[in-house]
Every structure is written in structure tokens, then in C-alpha cells.
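All chains are identified by letter, namely A, B, C, D and E, in their written order; residue positions are counted from 1 within each chain.
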């Protein structure tokens, strides 16, 4: 999994029927030091995440292991909102800071 | 998923029988700011997309989850035409703009 | 899928039994403008492709969806010989040109 | 698999129910000469690894082959703590050195 | 698949039970011109390969298609020892040269 920040969302009406009712988020990938990387991904939201949230996302077939995404043509899913993480014992990110 | 622009199509007559009747599109990958990236992919079209359309595509085993691509040797599928997306509350792309 | 040119082949006698009778091709990946990229892959041939042919190959679990590669430890397969492709309405490659 | 060093952990309470009770580690990927690379990943711990441990992790669908991660939306798993490795007959890393 | 040279091996005693009795090799990825690339991977050995051998390895779910690796948390497998390969009709590598 990688850490990312939700920065936007995508609207698409002409799509495969298996994509109906899925919310598509634009994620900016973050480094482990919480710096934005020059990498983005569009992922299905399975945890009611919103713009500004820091999240974890999974890719590949693992992205289809949530109840919401099972059997769907989706290769990236947001499956957790991050509260905090630490590196070498020091806090890097705290959602309520 | 990544955002891409349909820029062309591929013709192939000598191919695995499971690829029959699939339309193969050439996609130019776009950044989340809608700038073309130096990256392309050939993907099966599952949503009647055409040259000039901005689309979403999925890769890997997820590319075989549409009714059209199920069980086929296809590792990339266009499964949505993008209407619009926004970043940090500002519209980046609008299909009818 | 990506476009590649067949540039060689690999011989291996000491191998997993599930690889018996598969032809292993060395592919040079091409850009969508048909320029060679600094990237290669070894792929199983499922369409009688030969050195000099321009082909499409699929990777990952999708590479095991041809009748030939089903259940084999193979992560890349050539599943089409390319006749031609176009970008923005202009022909980029034509097999008989 | 790649070699990595456990440098931290992630806390997330709002998450997919299939992620309950999994420990999420932040891994710093190491080169085969045991130098830190500019690459990290968040992985599920299946072997009671801790900060400072050098470990092996697997990605993709292979990350769901441990008893702990089976059927979970997890694309990276720590499945071994490394004792040592050698390159060209010389020891590169020794856990007890 | 990619071509690689076996340069070492990894010892790990604290590991997932499904990794028992698998030999873990350190591979240095080679270019198609047989130059070492700045890329390595740790792979399970399914063909009795040893340090110095030039091999083919497969990744992802395809790495679990050998009898040895079926159902194991392994994302890379050595499944062939390379005898030789050629590029544009010229021999690049010969095991007995």
C-alpha cells in the first residue's frame, strides 16, 4: 500500500455497468515523510474519504477484495483513512494536528 | 486507474483467438493536471470511446472484469469516458468546455 | 498492452516442466511513435511471431489467458502481430510499408 | 520479493472491515548492497517484525497468500525477517553483527 | 520475464510457514545486451540454479504457477536457467562460452 492525499474526484457517466455507484477519487501519492510525490492515481473510495484526507490505497487484484469492489474493473481502492504514522519513533503525520 | 487521452488505434489480424472482435486503442497517459505524460498503453475499449476522448483505464487482472474482456489475454481496458475532474476544488477538465 | 519489436529468442533446457514447448522471444519495447525504448522483456510466443515482427504483448496474469499459456509460470505473452497503427489520424506503422 | 527495513507503523481506525487486526508497517526499501533506496511501501506484518528489523516483503496477489492476509485488500506483506544475505560469496548483512 | 544473474542467497528463519523449504536467491537483473542493471530482486528457486548462473524469472501471480510455489506468498520465481540468447541474429550470451 502507499500513502496518498485525496485531492479531487472524477465524474464519468459513460462507463462499464460494473462501475455504477462507485466514487472515484484523485489521489496524490505522498512520500513516507509526507511530501507530495509526482505521482497520482484514480481510486475507488470504500471508506467515505473526502478531499484533504490522508489515506492508504491498495492496487492490483487486491483492490477488488473489499465488499464494494469485488468483481469490478477497478485496480486501485482507498481502504483506510490514516490517523497517524511514525518513522524511527518520531511522529510524521497526525490527522488532528 | 489512470487518466488518458485516446490518440489512435491498432490493427492486428494475426492474433490469439480470444482477442477477436476487440477494439484496441492507443492511449496517451495524462497527468492529474491534464498534461500529456511520456507514457502510452494499448487498451481494449469497453465503452465505445473514440480518438480525442479523455478516459479512465484499468490494468492487470482488473482489466478482465468487464463482460467484454472476461477471460481474455488483455491487461488494460478503457472502462469509462471522463466527463470532468477537479483538484482542490478547481475544475481541471470538462468534456464540453 | 505495449507495442514491441521481436529482436531475438532465448534457449533454456534446464527449466520448470510447465515451460516445455514454449518459444521464448526477446522483445524490444517501442514507443507509440515507433521508436525503440530502453526496455526489453522475454515473452512466450502464442502467434508464430518471428524476429523483425512488430507485436503486442500482455503481462501479468493476463499473460496466462491464452490456450497456450494457461497455468504456466509465464508473465508476458505475445498475443498479436501488429499490422498498423495510427496516432491523431496519421499512420505511424504499416507492416507492409 | 525485495529487502526492506522496518522504519515505522501506520495507525488507521476508519478502514475497510477486512483490514481489522492487521498491523501496518512502513518499510524503507533497501538495495541488494543494503543501502536505503528512495522507495517505501506500507505492508501488513505476518511475522511479528518490529522497527529496525530487515525483512522480505511480497507484493500483488502474492501478498494475500499468508493465512493472515487471505482475502484481504492488502497488496504488500512482510513474510520473513532476514537473518543474513551474501553477494558473490561475501556477507552483506548479518542480523546479529 | 526478465533475464538475471544469480549473485547470492538470503537466509531467513523467522518467516511465514508457507515459505518453509524454499531457497531464496538474490538476482541482479541484466539488460538484453547482458549488462548488469541497477535492479535486483529476491526470487524463489525452482530449477536448482546457483550463484553465477544466468536465469529467467517470472513475477506476480505467474510466480506461483510452478509446483513448488503454488499457493505460497512468493512474487518472483526462477523457472529457467538460460543456455543462450541472440539479438538480431548475433549471439549475446552462451552458458558454455
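FYI, contacts are C-beta pairs under 8 Å (C-beta built on N, C-alpha and C of every residue); 3 or more make two chains touch, one makes a residue touch a chain.
The shown structure was predicted, so the numbers you read here are calculated from the model rather than taken from an experiment.
> Go ahead and align subunit A to its copy subunit E using Cα positions, then give the rotation in degrees, nearest 5.
Between subunit A and subunit E the superposing rotation measures out at 145 degrees.
> Subunit C and subunit B are one sequence twice: same or different residues at the contact, by the over-half rule?
different
> Averaged over CA atoms, how far is the centre of subunit D from the centre of subunit E? Could you give it in whole Å?
20
> Between subunit B and subunit D, what is the gap in Å from one C-alpha centre to the other?
Roughly 33 Å, centre to centre.
> Can you list the residues of subunit A that touch 2 or more other chains?
Residue numbers touching two or more other chains: 60-61, 63.
> Reading round the ring, first subunit A, next subunit D, what is the order of all the chains?
A, D, E, C, B
> Report the residues of subunit B in contact with subunit C in the complex, numbered from low to high.
For this pair, the touching residues of subunit B are 7-19, 24, 26, 28, 40-43, 51, 60-61, 63-64, 71-76.
> Going by the contact rule at the top, pick out the subunit A residues touching subunit D in the complex.
The contact residues of subunit A facing subunit D are 1-3, 31-32, 46-48, 56, 58-63, 65-67, 69, 77, 79-89, 92.
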